[in-house]
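In the two complexes below, subunit A is the common chain; its partner is subunit B in one and subunit C in the other.
Here is the complex of A and B:
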């Protein structure tokens, strides 16, 4: 089922972009040939995830660089990304790592890229790929910023970011300084790619956290023991927005965009058309202050409107310590809802989309509160874990206070290393906590920060990768056994090759299942841009409609249990069998 | 004759000595009469004097302050091991330091000793709520309500638990009943507004939040709720208006929190915990008839948290009932200093001075009270007392 072909060299003397397009087409043929002939009866079985970290060959160990001085930034730790950097059809993993911020050159640990070899086996290719940044890395996003068909990587760091351009031969070059996107004097958070003015070039939104002066640092004393200071002790730092000029360079567009007017302690970020007006808006999950919703006027100028949209605070008007963010249609009304993780004794909050850019905190009705309230919650992923067409939710947990027990314990049953939470959706906006009943994953204790979901073994079941602060990650293989079917799509855009912002809607039994292509989500992380859609017991071809970022529409009929690469209408000739021709009537 | 003369001379001497003694006694009486005024000028107030058995250093760390609480609780446990209130005091401390597991255990012991101990049950309801066991919290609140129907704290917790359990309709009913008797409860009105938001009754929600703002013009929650209700009703202008107000209030509060966060050490919180333990313990000693220890403990609490006034009022009351009028006056002076416009405090202090024979001080405070509220019936009485004091 997985690809074994691995070619990092151009397959001809043709220009790189064309050769990559051909690679996609080859991949398409292979995908189509790889139809999985599973049974078609519909069953919602028990959700099961097994810890495959060791078996997958993942030996990454995260360090936050802590030395007992309790620098706040240590507690943030880092995100993780899934990308197919070598365009071989399977997802590779890029882990971020930390470093001592007061002695950066002493750090032997680096970020790490693990190549997917198929069969749920991975190889560390960090050194040869040249993505071994040894700084304090915090956030990451991947997308094809230069439209050469290859995913690039942007890493948001403590004082000095990296922008790894994919050379197409398995190596990357850091172009942060050349593109003036290094933000050398800022403390980063989340990051996402988006096309702010729909010109076909991916722009870059870089969240920042706090204004911090190493010299003036003093540890907080909590119950007689040193502790991390409150984020509220520090002034928030405005984020930055870099506009892609289109020639491989960027310009700092923060001021023109209105971003500099909004200082926030930014963590997770996510770009989506929140007000359904055809352009990409930006949600920023801010720590210990109101969240920001930057509403785009279509020309890349933004107005902060989180309060009116109902996304700034929780249902009582309380600012949460927001961490991670994701979107999905939780209640089956066709609208993308928002979910935001937060601190201990705060809820993972569900903001239900009411339409027209207005959201309502539906947490109390959702059942997400009771399971998440005891924990600090970080990365998360909205995913259909058992392919029953209903979106579930996995929430990464882990205290940031490693001495809470010494201080007399937490007010809730949590700890620095705890099991993540799996919430099974009911399709009507309610969730039930699976507690210990989702396999070995429920017994995997770590302090999760970044968390992403993607189909690592191309079996149609979405797997999970969770970065654990100060320790090993958890690579959780989805072993849910049922007869549900699925489809998987990778989109190739026209001018914007990553097709970020595309809306894919599959119709299953009259029900619309919508997914959005994102480049930046969860806690400072970036999940797979390959979309997996569970279609339950449906075995006949699935009607899929795609709204592309440039407004183009296409319609397709996709056989179940297949993975397809879907090309933008301008790139794709009519496909018989598995691909329909683009819809000529948008 | 000579003997008579000697006897007469002796009698005269005795008479002179007697007269001198009488004069001396009279002078002593005069001096004693005047003495309280002069002496009180030099007296150290009981609030500033060393406290028996209290080894407190003003620069004590948070850990040392919490240790003081531990020692007190150990003492309490050894003296009153079977008193349910002892476990309540320990549980309160546990809850304050976020150890809800221990709090739950101690409140449970209190309930085992006294099943109708509503304070312990209320604590257990709070723990259940904090643990997100909303159904448990609801059940315990209903039990308390049966045992002590008029406890005003219970409907609020019950409604909040119902709201968090997704039973917004039931929460609204509880709150409406509560508000029938507690019309000015801003917390209840805001909760009711939230219940209406949850049931999408946006008009009703708006009315509630508006009412809450009438009572509490600076309520952040009410402004937020009202802005949300207007937004859902499509009234963008009003939504924006109240969001702006909400933002300003939130900013003020946020700034305060930021200042607190800059303090970098939670010593103040530890002081609060230790002081609360002293006050709770004092209540037990008082109930057991040991007023001296109760007063000692409240003095300790005051030393840790000088600005908490309700404790001082209680301390003044205990000194008075224990016949320690000087000490009661000391506390009264401090209370008047904290709120010079408080009529009640002025009258209390004046009365204490009168009892102590400090007529001038009593008159001064009665007159100050009369200036504050000339038409108050108690001030009419004060005028009569002033006349009596002047006459005597």
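Here is the complex of A and C:
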């Protein structure tokens, strides 16, 4: 694989963008040839995921830097990201890793970037890519912040974040200090990119967790055994919002944005237009306190309104220990609903979108309760696992208490290492627990934290990557066998190349299937911005409407079982019924 | 009298169904307390210084089965170590081999770390079940121990076995409900909680638990039915209104939900959950301005609660917390030992519980009772005084201390106990009237009695309050005042014919003997 030297031209330089696009297209065409070379099916009609970690060549091992002192931050572990860093048309994996926080580490574990070589094989390219941060990494988001057509990576760490700018030659530079986004004295959480004032530059929301330093750590004992202290033992830390100035630098916009007024123990974050007023709002899943919904006034100033939006608490009025977050239209009403993971004896909560920025806890109606109630739940992904047009839900589980089984009063219903939960949607907002019946994945025991979904082998079936705390990740290949069709889209925006915040609606049999382009979701993780949409038995071209972040609209007709790159209308001649396919040039 | 809103006791409270087996399980303290109160009352009756009649004795003789009165109050503060106390000491020698078998295996020194406490407690529970193999209560203690400190699966197994043998054993049903909830088997939990409620139809706390379990399991219509029943039985239970508000919200009956949240707030102005529910429901109805008001109040209340919670987290001490929890197991075990006739074992565990948990009322109350039973009046007083100190706003404990003092012929100490209480708690009309009665009947100090009775009525301006004051006046011979107060009572409660008739009788009495000395007059009047 070859890379051109990094361009010195301005980021708005169109020829450079188009050049990248062409390379992207060529790569996609190559991969389309491999589309149907996936693994053979096991059981027809059943959702199946097999553990391909070993076979994929993923040898990553996560450490949380456990010191035996039970620093709370160790229990958080980390997220994971999917991105196509080398623009070759397939998704690469970036795993975050931990580190001891109280002592220098002579042989540090590092974050790890695995390049997708195709055929569900990966190669560790961490060193050469220069993304081998050895700190205690917690959250990650990827997007093209400088609009050069290359995805960059922001890593939210314990005391000192990294901002990896993609050089386009397979390497990255850490520009956190240069951009003053390092947050050197803060304990991070989730992170997301969004355009707060719709100026075409991606801004950066960095969640923080607690005020903590080694001096205020107090060893905690529970039922006679060392344990992690409650987050409530520590004061929450306000998050930070960095505004992209547009010249490659950022300014700390936290105060102006009103973010500093809201101290929360932030974990998962997700930016979306919750109140449908045309700008990006921010949801922050807070641990052991009410969630925050920061409502944007359109100019990058925010007001916290989680309670009135119905997102602050669960239906019991309980402030949950919220962990991860995702959005999808679970009940087929065209509105994006929210799902939030939480702690033991709390629900993975479904907040149903009622419209106009109001949500209602619909967990009881959703049937997600019994499956998730006994577990600590973390990363999650709303995905159409079997391409039947209905959104399913995979929920990562795993106790943070590694001594629970030794501690008195332990239930065998959960544990430090347990299988994740797959919930099959019915399209009307209800889910059924597949329990042990979703393939080898259901027998894969780990302590999941970050979890993302994306089509790793370009076969149209969404795969899953789950980062396991203190151990190997699970790279779960979707082997679901059916005749359902799909489409896959990658959007290229105009001034904002990643097209974060775009709304893509496919119409299948009169039913609208909507997906949002996000850069930050799940538990401190970031899925691919490539959208996979299952279209069921529909084989004729699918009508797709796109609402771009700048308010532009475009309509496309996309052949099933193809991957396409869709350009912003300003980048391609407007045509009625125009659709992009891998075979058409930009 | 101002009726305070009743807060639900989710864990455990009084078991109301007499046909049910006694509860030695997870949180049996209230039951045990009731048992001991019951036994204490019996004892008090036997030794003849309980009740109103006792107060009437100007100088109650020490009961025959108590030790001699101490020479001074100070002597009470430092009682001689009893045989029971000595039984806990590190140099203790068991009297014989039989006792050795009967005494649970406690280490001479109280463990200071949680694991050692659990290990010791496990030995005690094993001893309990071995000593009383046919006792289902002993196995209940064992199951609850496993649930809290051992293996939940084991607890489930024990409770299931108990239910197989005794299908009506309500505590096993509740235990299994807890297990199922923990394991996420929410519908199964509802089945167990529902079954338990069948056997405790009047226990509102249980019904509230059932309602909550049904809500969590998504059985909304059933939850509504259960919570409506709770409210019918106890309309002032704010928590039930709040929970029903939540259910109605889930059922999309937002208007009805608003009504329940409003009622809950009327009953308990500091119910943050009701404020939250109301704010959310009003917002849903589009009444955002009003919703903001309740939202703001919710935030204030919540921040206070959160501050307390966070402070609790920061100051959490596992050894202390474990001591408290294990002490509860020991108290429960003691109760079962007592029922099995193994009093020394029970006493030993109660003493250990008292040491491990300085705030445990149940064990001290029980120790007071046992000391009294053995004729160790000073020790009984000492334990009961500790109880009274632990619950300084609970009049019945101070009252019990006073009764014990009277029982050994120390009316001054009794008076001091009671006057100290009402000075500390000047806003408890019931206590003020009880102490007024004490002054009338035990120490013959009518002025003090009247002052306290008037103080009580100033707080409690109800018909019954005035009637009670009238009775005090009458006992003190102030018939005119008595008539006036009784007339006020009759005015406030015109439907109460007794007040009216009594007021008339008092007036007749005044008119019949207008010249008589009120003091002499009072001698002929029987108390109401």
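Criterion: the second predicted complex is superposed on the first by the 527 of 586 C-alpha atoms of A that agree within 3 Å, B and C clash if a C-alpha of one lies under 4 Å from a C-alpha of the other, contacts with A are read in each partner's own complex, and residues count from 1 in each chain.
Here is the rule we use: a residue touches a chain if its C-beta (ideal position, glycine included) is under 8 Å from a C-beta of that chain, and two chains touch if they have at least 3 such contacts.
None of these values were measured; they are calculated from a predicted model.
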> Following superposition onto subunit A, is the placement of subunit B relative to subunit C best described as a clash or a fit?
Replying inline: clash
>> Taking the superposition on A as described, I'd like to know which of subunit B and subunit C A:313 touches: first, second, both or neither.
In response: both
> After superposition on the shared chain, which partner residues are touched by A:365: those of subunit B (first), subunit C (second), both, or neither?
Replying inline: both
> Now for A:229: first (subunit B), second (subunit C), both, or neither, which partner does it touch?
Replying inline: both
> Who does A:221 touch here: subunit B (first), subunit C (second), both, or neither?
Replying inline: both
> Who does A:134 touch here: subunit B (first), subunit C (second), both, or neither?
Replying inline: neither
> Where on subunit A do the contacts from subunit B and from subunit C line up?
Replying inline: 218, 220-225, 229-230, 232-233, 289, 307-308, 310, 313, 315-317, 345, 358, 360, 364-365, 367, 369-370, 373-374, 408-413
>> Which residues of subunit A touch subunit C once you look at their complex with the stated criterion?
In response: 218, 220-225, 229-230, 232-233, 289, 307-308, 310, 313, 315-317, 345, 358, 360, 364-365, 367, 369-375, 408-413
> In their shared complex, at which residues does subunit B touch subunit A?
Replying inline: 61-64, 66, 97-101, 130-132, 134, 163-166, 168, 194, 197-198, 220-221, 223-225, 227-228, 231-232, 236, 239-240, 243, 246-247, 250, 254, 257-258, 261-262, 264-267, 270
>> Quick check on the complex: what are the subunit A residues that touch subunit B?
In response: 218-225, 229-230, 232-233, 289-290, 307-308, 310, 313, 315-317, 319, 345, 354, 358, 360, 364-365, 367, 369-370, 373-374, 408-413
> Within the complex, which stretch of subunit C touches subunit A?
Replying inline: 113-118, 147-153, 179, 181-187, 215-218, 220, 246, 249-250, 273, 276-277, 279-280, 283-284, 288, 291, 295, 298, 306, 309-310, 313-314, 316, 318-319, 322
